[in-house]
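Below you'll find the structure I mean.
When the chains are written out, they are named A, B, C and D in that same order, and each has its own residue count from 1.
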Amino acid sequence: MGWLERFFPYILAGISVGGQYALIAIGYTMVYGILRLINFAHGDIFTVAGFFMVYMNATMPLYLSIPLTIILTVILGFAVERAAYKPLRDAPRMSIMISAIGVSYLLQNLMWYVTGGLAKQYPTIPWISSSVTVWVATTKIVTLVTPVLTILLVVLLQQLINHTKIGMAMRAVSRDFETAKLMGIQINRVISVSFIIGSFLAAVGSLLYFSNYATVTPTVGAMPGLKAFVAAVFGGIGSIPGAMIGAFLIGISENLIKALGYSTFSDAFTFALLIFVLLAKPTGLFGEKTIDKV
Amino acid sequence: MMAERERMLELTDITMQFGGVVAVNNLSMHIDRGEIVALIGPNGAGKTTAFNCVTGVYKPTNGQVRYRGGLIVSNHPTGKMKNMYAGVNADKYQEVVEHTPDKITKLGVARTFQNIRLFKTQTAFENVLIATHLHRTSNPFTATFRLNFREERRMRELALEMLSVVGLADVRDELATSLPYGKQRRLEIARALATKPQLLLLDEPAAGMNPQETDDLGQFIVEIKNQFDLTVFLIEHHMDLVMDISDRIYVIDFGKLIAHGLPQEVQDNPDVITAYLGVEDDEPA
Amino acid sequence: MKKCIALLLILMLLLPALAMGENVAGTITIGIFEPASGDNAAGGKQETLGMYYANSLVNTVELGGKTYKVEVTEVDNQTSADKAPAAAQTLVSRNVNVVLGTYGSGASMAAAPIFEAAGIPAIGASCTNPGVTLGNPLYWRICYTDDFQGDVLANFAFNDLDVKIAYTLNMLGEDYGAGLVNYFTKAFEKLGGKVVADTFPEGTSDFSAYLQNAVNAGAGVIFSPSSTTYASLMLGQAVSMNLAIPFVAGDTWASSVILEAVQNSDQKVYFSDFFDESDKDATQVSKDFVTGFKAWLNANPQNLTNNGGNDIIAAVSALGYDSYMTAIEAIKKTEAGTKEQIAEALPGVDYDGVTGKIVFDENGDAKKDIAYIKIADTKTLNYIFVTTTTIQQ
Amino acid sequence: MKENKISWFIGLVLLALMFVGLYALEKALPPSTMLFTILKKGVIYALIAVSMNLLNGFTGLFSLGQAGFMVIGAYTYAILTIPVNMRAMIYQYYDGGVVQFALPAIVGLLCAGLVAAFFAFLVGLPVLRLKSDYLAIATLGFAEIIRAFIQYEGLGPLTNGSNLLRRFPSFTGILYPFAAVAICVAVIVLLIHSTYGRALKAIRDDETAAEAMGINLFFHKQFSFVTSSFFAGIGGALLAMYQGSIQAATFKSAMTYEILLIVVIGGMGSITGSIIASFLFVASSEWWLRFLDNEMFIGAFKMPLLRSGFRMVVFSVIIMAVVLLYRRGIMGDKEFNLRRITQHLTGKKGVRHDG
């Protein structure tokens, strides 16, 4: 069996996983870029989106439940920011982050309570859930759709950030929060928008993710969430293309590790990789260097 | 007369370049023991950057710094910087010497900061006390279990002494940040003195002071200089203060040395006048 | 505002008074020590259902002419070794006379010292790890153990499925899987087969790489004892990959979650089980149980959801039932049903349960030597009984 | 100075009173009461929280590696102290494991700290050069890596792989953990008020200024990191003793978050805050709210919502409330040294003020 032939299925899976990580990672990286906040709740918002879908699909057809899921998720993300982060704008950074951890805690426990901790089967979305054979690998169509869609969304997002007023505001705020404020940019609006975009992508991510791995449990988002965050840091937190590239790198590398039979260390490897990158480039692959003024 | 004195500090071809921006350009200067030397220039002329190169906060792109004859900083452009380097003598200083700020402080170079950097959560006394650590001999173990109580007492005495030197003994237990501006500046000086320096770098000590305070400060600097036989390297905007107390003055503009000499000479130097009348740019200092 | 919070916290100081299930004279409290949340919640709930059903049938005992009320009190141990002790302690503080559970051996082993310290006897329903009873004098067990189960499944895979290469996949850091894989491997290699081992880290969702590994290893069977959560994930992907390789797993897979995962596919899933509801030559006891339990489930929607939304009887429910009845049997042998007396009585218990005869050996393990191998029917969403295996040990 | 001595003295008196109180408690109440469980776990969490506070609160290093060093401590202790005759049973898949001796508990406890500290030293060398959040994620990563290695089958003979370690010597009374923690916390408090402690605070307040005052950043950060991990290791070992059995899988990043919650709720840079918070945290999560998990009838009326899992929901809501209302934690960076009140209110809860 040829080298490529042997590894192709893994790489394919890796790319798709990377795509899913990317969609979550962008949420992290945008919020961080603007608030300097590690939004620990993001992974759980992703999971909640999954449950939204599960429960709504039980009562309504897909063409309703999918958009509704996305809307509800966006509202959730927005609400979380307003309820848990906005009141702490001027509090020490640490307590905002704790608030984030608290939210994540709350969401997980809520999901546990509601679902009774039982795994739910995710509805199968026709077409993308069906199998397809690519050369030597058989997989779901969604596996192929994910990376494409991811890249598409990232490109769109870049357009938005580089060529729209709100995008400009976002860049301004992430450069210098205080000055931007003084310049009369409505900070809260910008922040809300970034949370909305983040949650939207999380919702889309969860649609793709769970159509691929059709089991939803309250904690299922934790690991992808963490990996996505790692990806964001990896690519230089604050940089959207960085987050995407980081995500793909991690997705592929961890699958190759498994292919080589070191699955025990697939997670460990991801973190090791991250640490090495950070040591070489302390602000990640594409994070801009900061000179602290004295 | 000058010649007999020891060279306390000597900068040669110091160039600090951030990307394309040349903050300090090929600066050479020296300070002899017992002198008060001022480095002046318009905002953003690169004065503080020069300070940071001396104290090890920044690693200059090129050039050397000698402290009492010993090399404490030496570097030459490398990597990407090689091509974008805008200064001169790019390959003159091949050896690379860099010390972390604490190392340089240990050598006897203390400094204050332009934008006051006191330890916010600590009292005036604690602020100074921390600076006395420099000469401690205790290790974590002896320190934790108070086997170093004698040393501890000495440190506290030294700290208190320095506080009274700057006339802040009465506010020793107040939170440093709660002090009025002028006192915070003095506290910074006390903190610097507590490291028992030989060379004292003062970064705009009179910033934000009224003429009266500025005068007192001037006298005060001279006093401590004599009391602890220090050499003082001063960055200042208040011309009259500078003219009063400094033995020699260096003037830089856009990082370049444009004049140096005795206060009088500098004052009459046309370049200096234009530099000061010229529009201030907003490049970071 | 802050005052309110402070007040709230103080208030909560008083609440435990409500919570404390004080043990009234004349009642015997049976503690249910099961996961109601976490990876194993599904199984835990089903096991608990069996116990509640049993309790609904028998909730009084006659001891020396005096009628004792039998109450159950439940606590969630999340099947995690760090939550279990506190949960166990909660039961202890509720003065239970005997404990039933738990699904997931890890939590049992973690809690054992605490029950032992309090002198409370415990009866494991479905915890198959030998370590549960080994060296825990007050822990009994009414199901077979992993060494037996591993043996059975290895033999089944090697002989019945006629497979020579097996690929084992269990979760890193989970003792149940690690243990079962260990015994399976030993047995399978003894039979002359080859085993390729792999582990996946907790929180894995993408199993395609592992399944691919199995394919590359040329495995004829995938032995993957894992919690149903992960099971359904890997099965789902196996289905979408049209993986031809059959899965073999332990008792945990006897769950409707598994069935849903392989619905309308031709993925083969075998697993060993403690009990078979459709067993033709079943004893009257189990026949009654099957009919009775189904009726009881359907009577209450909440129970039905806890059972996974259908009335398929999971073996763990049967074991839950038996564990309760075993406790009752023991209690009947005592004068007053105190924990000490129950502990003394348990070794002497001889009871014909739903899952077979229950007599304890010196370890405190029920002498069970029969495992039901079943295959998941992907069309009718039901289990089909394949074979019973017994191994003389 | 004098004032300081007095407060120390009062501190010791309070400590003594606390132990007397605990002793009385132990005599008075039946050992099965939940209170003891809470006190045990609470005091152990207190130590871990304080050790984390030393790092995050006093040195301003944002580290999320605590669980990693706890697991090292716990395993070191377990591996070194399990009685030899038990090993065959516990290392059931690794025919007895490689370690065939058993150290006395107290030695094991110390080793737990030392090994954790040693690993911290190695980890610190590269990682402490990173700043703020990058440091956080890197330490988090190391914790995960450590866990993966402990669970690694190849190390099974040493760590028992994925399986539990149990039957190692444990404590019965509550005095043992309280004594151990009291000593450790006392040492930390002494340290914080020593010259080194002052240096750490200086670094937290302003790295540049600290460095300019001749404080070697790397050394002090490394020192703080190692010390913190040493006590985290001991904390892990005590936790193992309390649980009676350990499994690497339970030392997840979630555990670190819990500790971090405690630290911040208690107040960054407040020892007493961390201690109070950990008791409140443990008590409300493990005890006070448990009744919410069981359906409850008041007369014929069935209380709504009460069902398993509800406890944690309420708990997390409370946490959110506290976080939002007490921004700087319940103590801020102040210490609890209103002596009388301490004695009066929380003396039993083991609050040690530190003059």
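Here is the rule we use: contacts are C-beta pairs under 8 Å (C-beta built on N, C-alpha and C of every residue); 3 or more make two chains touch, one makes a residue touch a chain.
Fair warning: this is a prediction, and the values are worked out from it, not measured in the lab.
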Interchain contact steps from chain B to chain C (minimum; 1 if touching): 2
Most remote chain, CA-based centroid, reference being chain B: C
Centroid distance [mean C-alpha coordinates] between chain D and chain C, Å: 33
Whole-Å gap between the CA centroids of chain A and chain C: 36
CA centroid of chain A to CA centroid of chain B, Å: 47
Per-residue multi-chain contacts in chain B, two or more chains: 57, 113
Contacts with 2+ other chains: residues of chain A: 112, 116-117, 226, 264, 267, 294
Contacts with two or more other chains, residues of chain D listed in rising order: 148, 151, 153, 208, 308-309, 312
Interfacial residue positions of chain C with respect to chain D in the complex: 1-2, 5, 8-9, 12-13, 15-16, 18-19, 36-37, 73-76, 80-82, 84-86, 89-90, 92-93, 95, 106, 109-110, 112-114, 117-118, 130-131, 134-135, 170-175, 177-179, 182, 197, 199, 201-202
Residues of chain D touching chain A in the complex: 56, 62, 126-127, 129-131, 133-134, 136-138, 140-142, 144-145, 148-149, 151-153, 208, 253, 257, 260-261, 264-265, 268, 307-310, 312-313, 315-317, 319-320, 323-324, 327-329
Chain D residues touching chain B - in the complex, by the definition given at the top: 1, 187, 190-191, 194-196, 198-199, 201-202, 204-206, 208-217, 223, 227, 269, 333
Chain A - residues contacting chain D, complex: 32, 36, 38, 40, 84, 87-88, 91-92, 94-95, 98-99, 101-103, 105-106, 109-110, 112-113, 116-117, 226, 229-230, 233, 237, 264-265, 267-268, 270-272, 274-275, 278-279, 282-284, 292, 294
Contact footprint of chain C on chain D as seen in their complex: 31-34, 37, 41, 86, 89-90, 92-93, 147-148, 151, 153, 161-164, 166-167, 170, 172, 239, 242-252, 255, 280, 284, 286-291, 293-294, 296, 308-309, 312, 318, 321-322, 325-326
